[in-house]
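All chains are identified by letter, namely A, B, C and D, in their written order; residue positions are counted from 1 within each chain.
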Amino acid sequence: MSIRVTVWNEGRHEQKHPAVQKVYPNGLHQPIVDHLNANGFTARAATLDMPEHGLTEEVLDQTDVLTWWGHMAHGDVSDEIVERVHQRVLLGMGLIVLHSGHYSKIFKKLMGTTCSLKWREADEHERIWVVNPGHPIADGLGEYFELPGHEMYGEFFDVPTPDELVFISWYPGGEVFRSGLCYHRGRGKVFYFSPGHETYPIYYQQEVLQVITNAVKWAAPSGAAYRLDAPNAKPLETLKKREE
Amino acid sequence: MSIRVTVWNEGRHEQKHPAVQKVYPNGLHQPIVDHLNANGFTARAATLDMPEHGLTEEVLDQTDVLTWWGHMAHGDVSDEIVERVHQRVLLGMGLIVLHSGHYSKIFKKLMGTTCSLKWREADEHERIWVVNPGHPIADGLGEYFELPGHEMYGEFFDVPTPDELVFISWYPGGEVFRSGLCYHRGRGKVFYFSPGHETYPIYYQQEVLQVITNAVKWAAPSGAAYRLDAPNAKPLETLKKREE
Amino acid sequence: MSIRVTVWNEGRHEQKHPAVQKVYPNGLHQPIVDHLNANGFTARAATLDMPEHGLTEEVLDQTDVLTWWGHMAHGDVSDEIVERVHQRVLLGMGLIVLHSGHYSKIFKKLMGTTCSLKWREADEHERIWVVNPGHPIADGLGEYFELPGHEMYGEFFDVPTPDELVFISWYPGGEVFRSGLCYHRGRGKVFYFSPGHETYPIYYQQEVLQVITNAVKWAAPSGAAYRLDAPNAKPLETLKKREE
Amino acid sequence: MSIRVTVWNEGRHEQKHPAVQKVYPNGLHQPIVDHLNANGFTARAATLDMPEHGLTEEVLDQTDVLTWWGHMAHGDVSDEIVERVHQRVLLGMGLIVLHSGHYSKIFKKLMGTTCSLKWREADEHERIWVVNPGHPIADGLGEYFELPGHEMYGEFFDVPTPDELVFISWYPGGEVFRSGLCYHRGRGKVFYFSPGHETYPIYYQQEVLQVITNAVKWAAPSGAAYRLDAPNAKPLETLKKREE
């Protein structure tokens, strides 16, 4: 069975900014959805302004991996939906947080830190270096790839040390950034990937789509038994007092 | 200057349960405070029922490392104080979370997971193995040490993969537990250490006090510049368009 | 295309010890080979006493993942073959080191430490706890599984901190052991898994075969460009002196 | 008692290259030795051309932390001394590997990988970003510091994932580099720090000396019991057959 992906997009920039609308006439999510559907996944979009932000229990029941893009309206995401997504991640749903999603409620809740970073919009190119060449999320890439123009995101990126660091970005303005980060939370897998400022056609770029595809495969549910509660546990061995 | 430690204790069990009062007549915090003060630290106690839970801005201004013990009244800790402590940790204050503090608001907020675990009160002994013998928190220990009697805490312990794993506990009932865990969060260092059920004289035991002392030294503030916000950043290099 | 696995076995115990021969009449490798072939992999055996220990360049050219079991004859493995396998791992071949393979030349070379541990042959049962429930190597398991009888391997296990810790074992004699460990080395992925003492039918047990199968999938080559040398590199940007 | 540091220097460039001699008239090790001695440590130098490379058992008996700089003569270091230093590190001696020491026998032996990297001598400045602001090795630094001119070292740096990543370097030519890396090996702590090409006065620079000082403190021996062998271990509990 193919992996089922829900591509969540805030979807507000496209409504308000003609420049964004021009790059993403059907929404920033659409090229991701299209690419996934063309490559053996079952993908659909969900956006902030849908009922329950498009993330009903029914939708999440059919979601193996959720991708998350938000920027100008993080505060409009209801705490109830954040709690719902949080539990789903712990129970095993993969989560891929894209670009300005670093400041979303769900990412901050999962990280426990401010998730702050430096930023600059100066139309700089970005070079993304692979620093874990055997990682499946880097599959098919060269030593690095480039974004012709992008927003700068710079260190210090205030997140916990990742379980696995896959990419580090270089910027002409003098900064570096840990731009591809893997985390385990509960039974779930979380990947943060920084490319994707809304005014650039980043999500049409082949390497970016390749990374997202790789990450979806990596983050798909797998693993062992897991429970959310803290059970009182009977001993598995016959207890006896120690020999004195 | 000596390291300043605030030993936070919920302090409710001692009021309600004679058995606990007998073990800790001056509060569960007292032997920790006494040991630290006798060993070159400047320690004082703070408890839940003090104004602002004893964690005023003034107290925290004079706190390098905060230790946290709570159990039956996690919900009585105000969200405002949790937020205050969270910010202090990110800014560099060390935090040592003890035993049932795994379920405290502050630890769950820093971890982003349920922090649940298995448990059993069956008066079992516990053997705590060192699995990182070069770690400063294990300083002065043998290959393992034992608690003559304790509550069992078992896996799966639902916390993020620690930055450094120092101890793994063995129980006669058949469980294991990652019982000494290091994390970096923001500029702060966090250590979780599982010994300390309130009905046992754990905090009088030499090895336990040794670990807490080591952990206080490890968690004391150190490091580089850090900020909570996400600044717009001027380029550090002269930007120019790429050569085509 | 199916993943190609070479199951390497020292193969000496089976020749010398009737007790081992009785458990593994066709060699300790055979149940692993059979299980993999029955489950969509292409597996074959290689043993110490074959020319070049069965690990010719031709065989390795057709090997995606190599599993390694050795015990009494680590010293008989030629340094040339160890060097060859080492390079293959760095270039991306997966390596799964089983049980007493912890003391093999190839594992010690990859780890850089003694790889020593405590051990005892006392026919104890072993309980293997999952401590990373979302990890693909734990796929399909419960919270733990048991080996009815096994050799004890105890901490301190002198290996580098693993990139990912999947299993911790419990023994009735009072020890714990990190028994499932993931490493990246170069472009290659390495998994150490402790079950498999030669006098027990461990490699017929369903959970053990499940873990090996999961580990083969995890360790199969993937990733980005990689090279063994240290190249002089032309600048990727137009170098100019800094603005003073 | 002050921490005792042996500053090991290959010492060949200074003999052969007037340009290096000019920068380091008393050897590249001297400013490091002087700085440490001026700051409460007990430091001395040892060089390749001394008997036993200056690393006799007697010297190592009085060494808490060893720093290692080598470049053109890695092959002249005897395997016996490498083996001796390796054992000392496992037993708890700190090791700080500087710049081109990444290709030394001892570092490659401890890492298990090629330790290769990209390089270029083009008199570029380098900006070293702190990515773990609470780490003691970053103590006293700002968000970054710069080397006015240096050799470029670029990714992929073929080392195991560090236990802690402290610094990432930026270069004007378009590369990034993980330039401050912490490892535990046995009971010992290892820190790799990339600054120090022999033709630049790097080891006179305040921030570099600060980092080396911090790293010496971090790497100084601490911790619990440790042994090099693999002992047969008596059970710590009364063994009995399981209840059927």
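Just so we're on the same page, contacts are C-beta pairs under 8 Å (C-beta built on N, C-alpha and C of every residue); 3 or more make two chains touch, one makes a residue touch a chain.
Since this is a predicted model, take the numbers as computed values, not measurements.
Engineer: Which listed pair, A-D, C-D or B-D, shares over half of the residue-numbered contact pairs seen at A-C?
Structural biologist: B-D
Engineer: Looking at B-C and B-D, which one has the bigger number of contacting C-beta pairs?
Structural biologist: B-D
Engineer: When the C-alpha atoms of chain B and chain C are each averaged to a single point, how far apart are the two points in Å?
Structural biologist: Between these chains, centre-to-centre, one finds 36 Å.
Engineer: Using mean C-alpha positions as chain centres, tell me how far chain A is from chain B in Å, no decimals.
Structural biologist: 30
Engineer: With centres defined as the mean C-alpha position, give me the chain B-chain D separation in Å.
Structural biologist: 31
Engineer: Provide the list of chain A residues touching at least two other chains, using ranges where the numbers run on.
Structural biologist: Residues 127, 130, 132-133, 143, 156, 161, 163-164, 172, 174-175, 184, 186, 226, 236-237, 242.
Engineer: Quick check on the complex: what are the chain A residues that touch chain B?
Structural biologist: It comes out as residues 90, 103, 109-114, 116-120, 122, 124-125, 152, 154, 156, 158, 160-161, 163, 172-175, 183-186, 226-237, 239-240, 242.
Engineer: Can you name the residues of chain C that touch chain B in the complex?
Structural biologist: Within the complex, chain C touches chain B at residues 127, 129-133, 143, 155-157, 161, 164-165, 168-170, 174-176, 178, 237-238, 242-243.
Engineer: Taking the complex as given, what residues does chain C use to touch chain A?
Structural biologist: Those residues of chain C that touch chain A are 92, 127, 130, 132-136, 138-143, 163-164, 172, 184, 186-189, 221-226, 236-237.
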